Amino acid sequence: MSLGPYTSFIVASYALVTAVVLILIIAIAIDYRSLRQRLRELDQSGITRRSGRSAADLR
Amino acid sequence: MTAQAALIRRDIRIAVRVGGGALIGVLFFLTVVVLMPFAVGPDLALLTRLGPAILWLGALLASLLTLDRLFMADHEDGSLDLIVMSRTPLELACATKALAHWMAAGLPLIVATPVLGLLLNLDTRSTAAVALTLLAGTPSLTFTGMIGAALAVTLHRGGLLLAVLVLPLSIPVLIFGVAASQAAISGLSFGAPFSILCALSLVSFVVGPFAAAASLRHGLD
Amino acid sequence: MTAQAALIRRDIRIAVRVGGGALIGVLFFLTVVVLMPFAVGPDLALLTRLGPAILWLGALLASLLTLDRLFMADHEDGSLDLIVMSRTPLELACATKALAHWMAAGLPLIVATPVLGLLLNLDTRSTAAVALTLLAGTPSLTFTGMIGAALAVTLHRGGLLLAVLVLPLSIPVLIFGVAASQAAISGLSFGAPFSILCALSLVSFVVGPFAAAASLRHGLD
Amino acid sequence: MRVWGRGVGCVRGGREVFSRLHFEAASGQALAVTGPNGSGKTSLLRLIAGLLIPATGSIALEGGETELTLPEQAHYLGHRDALKPALSVVENLAFWRDFIGGEAGDTNKSLAAVGLDHAAHLPAAYLSAGQRRRLSLARLLAVKRPIWLLDEPAAALDTAGQSLFAGLMGDHLASGGLIIAATHGPLGIAAKELRIGGAS
Amino acid sequence: MRVWGRGVGCVRGGREVFSRLHFEAASGQALAVTGPNGSGKTSLLRLIAGLLIPATGSIALEGGETELTLPEQAHYLGHRDALKPALSVVENLAFWRDFIGGEAGDTNKSLAAVGLDHAAHLPAAYLSAGQRRRLSLARLLAVKRPIWLLDEPAAALDTAGQSLFAGLMGDHLASGGLIIAATHGPLGIAAKELRIGGAS
Amino acid sequence: MTLIDLANPSKFLSLTARVLPWLAAVTAIVLAIGLYQSATAPDDYQQGATVKIMFVHVPNAWLSMLVWGVMSLAALGTLVWRHPLADVAAKAAAPIGAAFTFLALVTGSLWGRPMWGTYWEWDARLTSVLILFLMYLGLIALWRAVEDPSRAARAAAVLTLVGAINLPIIKFSVDWWNTLHQPASVMRLGGPTLDRAFLVPLLMMAAAFSLLFVTLLLAAMRNEILRRRLRSLQMMQARAFSSEVDAGSREKTVPFGAA
């Protein structure tokens, strides 16, 4: 597949879109993990929600 | 005296006595205009062409300067509580306060326009056109800015954050204000952009008070 | 921690929490720059020419927006009484507060200049020149503005005539700042206006704190 | 006329301040809200004044002018005194009289009643703490409203001022008014007590 | 250590507030300044704190650290509480401890002493009126200074808070401190009285 | 599953836990198809191969506006219906919307360089998208600047609704002002004028990005709910460890979404 004289622009835009989307996904995943982790720590220190269920319990 | 008249009188009186607002606004306006010749160099034709834009920018930024304490001051001394509790609908009270602010801070800018027009080498007709667009447009700047002032109370925040939130909202007014003045100067149809400007103002008269009142009601504590 | 460090830390912390910090400063600057094309039209060459003036105006506005409450806020909640009574000389405390204000309101703008230079189509050299003039000049805006802020406390109820006399003091700074940047861009001699700018700054570093402290001392009641 | 609350709960800044509070006050009655610092006295008054929204329960007014809400028939006197330092004493009072509306009285008479007539044309910035408080009290007299919500009204008043104010409250109750006041000390008039918060 | 004033006169806003006032307080003593609203209690404290300049007469300190002025050795607790709502409770206290300087104590201990330790990380905007007052009092404990100038220190405090504060004042006097306090009610400790203004 | 059920954050968490994997899988498949189709699409006779940028530029541009629309709906949910998930959705959507807007801007400039000879032009559409980006950033700053989420939610809701005024300006800017930028050729009255060879991959990519948005939004909303739960638990913990000397310590914490 030849992309003509502007290959770099096309490749750059696709690469950028990929990068930003990946960053979004990874950021959300990392955020999820750290939140889960901190909730679990709180759970171990004996703090529970008022409804009596465990803090790390996601349901 | 009706509640609204009392509110207008009080706010204008405070603005005049404390001074700050209106005077600093006009001076800032002046500063913007005085600075331009240094920025664009001694090219008088260019300066004339830029005239309306400079005046509009100055007006926009100057109105921003004093607006952010519109509700904050009343909140801090407890007046806002009483205003919310009063029999005047909050939307009406907000609109009244904005009107008072415009009379104290916006009107002086329009009065100052002819002088500044001289500095920018605008002829009488152009100056009149710019003054007219300012007269039609600056109230709308105040009324959209009011939303930011109300958010300042809700958020306990002020300063640059508000400017950032409010400035984008005032861009349409700026566009059509400058467009109308340019049209008047270059002899194009003044009516079309000017009527859009007036329409924008009318929209802001409705949206502003309601948005501000909603934000104030939710922000009480 | 020394008293001055504590004061700087507190003021910056409040500025960041209330005003939103450096990120907001950058956003604000960005918004002001984005406004310009709407006002003066999408002519890139013209924008480039206006670039330094726009950046300087943005800096002036950003410092004015928050400066007028520099001492007023401390006065209203009684902090100023304690600052006056403390073992730190009042001049030093004033200078420290101004420095903190500049770090919270001025510095972010300078950091943001390169980004804005791109939008305004300034080349690297010009951007660097503007950033340099801003670095040399904005502290002086804060330090002269401080006098007005102190007068605002003193003249609480006397009309702000004197405070209004202070804004014009910042006009020379503005003019030489823009002139120096223009010179750098157009390849003229950068040194002459820049050294005047630096001299103005140095003068304001001395005059500002002393004038402000004197005014605060007289204004106590 | 009767103001009552049933099972009122208050949440501020994400924390529960009090819950399941019951109270009631009728025409001619004073209710003294007491409790330790931070127990929620001010919060309760602000709930009644409509400045906060109850998290649970409800607050209502029976009787009174039917087309007006509870806040619109109430005076709220908070910690902050709603005075503008740049305006003179009469200007401050006259503004609130005109703005609050309703049955308005004479500002000079109200000022005289709180002992501020001699200072009428002074800027409010010149007032001492007790004088500011007196000026706020004058607002209650300048406009007639049946419900008074008072937050530590006697703070900063001298002994003469406190007994003067007790007299004003007595007159208000006698004319069919209703008072709900948060206080740490004695109120100076006969009042039911509503205690919130733990022991103190 | 002794603080005294001779023939002190005070003029504010062009009007004479009081004149020819004599007073004196020594280490271990408390002086209660009383008088009707607007008689000049606050003005007197501000004169002593160096925040106003006497129109006539003079105020002086004998003893104490000689290279420091009277205001530099005094704590002033005014009607306004010098708190920033955007900062948390400890941040507010820590700032004043660092800024006022001198012999600094532990913020946590001071907060605990006024019963605010549980709220240490709350923004000061969330505090109730009494809690704000307690936080101001914590400042007196966080930095040690021999002279305390207090303007209605017990305002907004609940009864527990008032007796707690009376205890703190007692400790301060016992350790050689000196207190001058404007007040409308009883101070809670033994004190000389200085009465200004007419009868009331 | 009715809307009422979804109003409960715990139910929302359990439902999304089941739905998310499937949604992610569908997104990936549609995206793969879209990418394949755009790779095999013919060159434009005018624009050459650069037309391929369209397949990422246009979906991102559409989404930048769509996300604000979704946020405006959520704002109504906060202000009018007081739906408990509305502000969670609004807060979670803002950074995603900002990312799409950023991509629209950057891919647009990368396309502009070969087509117009410049990366940036102060053209009405370009500038209004830049303002949209600024407003996204302003909203994110607002969410970050205020730590009490319910307070921030209401302010952000008012602002989002007012900012929605910008959407028609962006959409019609090319019609109102004569500018460099293409007028609408897909989303217009009278049907699309674009060639089928470009239209099909474009619509496929648009579907893929929309699915991506929904997936990311749901995941971010889950995070936001957990974050609020964590915040209320931490406040409870601070209280539990404090001494009980003062009346203030009897205050309890109301956990977000306690069932």
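Of note:
A, B, C, D, E and F are the chain letters, set down in written order, and residue numbers restart from 1 in every chain.
Following the convention adopted for this analysis, a residue touches a chain if its C-beta (ideal position, glycine included) is under 8 Å from a C-beta of that chain, and two chains touch if they have at least 3 such contacts.
Computed from a predicted structure; not experimentally measured.
Within the contact network of the assembly, the step distance from chain B to chain D comes to 1.
When C-beta pairs in contact are tallied for every pair of chains, the largest tally goes to B-C. Mean C-alpha positions place chain D and chain E at a centre distance of 29 Å. Centre-to-centre, using mean CA coordinates, chain A is 15 Å away from chain F.
Centre-to-centre separation between chain E and chain F, using Cα means, comes to 55 Å. Our note on geometry: chain A versus chain C, Cα centroid distance of 40 Å, whole angstroms.
The residues of chain E that reach two or more other chains are 12-13, 79, 86, 119, 131, listed in rising order.
Shown for chain F are the residues in touch with two or more other chains, namely 131, 134, 137-138, 141, 145, 246, 248, 252, 254. Contact of a single residue of chain A with at least two other chains is seen at no position. Residues of chain B touching chain D in their complex: 1-3, 5-7, 9-10, 13-14, 17-18, 76-79, 81-88, 220-221. Those residues of chain C lying in contact with chain F across their complex are 17, 20, 23-24, 27, 30-31, 34, 37-38, 41-42, 44, 47, 119, 121. By the touch criterion given at the top, residues 1-7, 9-10, 12-14, 16-17, 20-21, 23-25, 28-29, 31-32, 35-36, 38-39, 42, 45, 47, 49-51, 55, 58-59 of chain A touch chain F in their complex. Against chain C, the residues of chain F that register as touching in their complex are 118, 120-123, 127, 130-131, 134, 137-138, 141, 145. Chain contact summary for the complex, chain F toward chain B: residues 79, 131, 134-135, 137-138, 141-142, 145-146, 151-152, 154-155, 158-159, 161-163, 165-166, 169.
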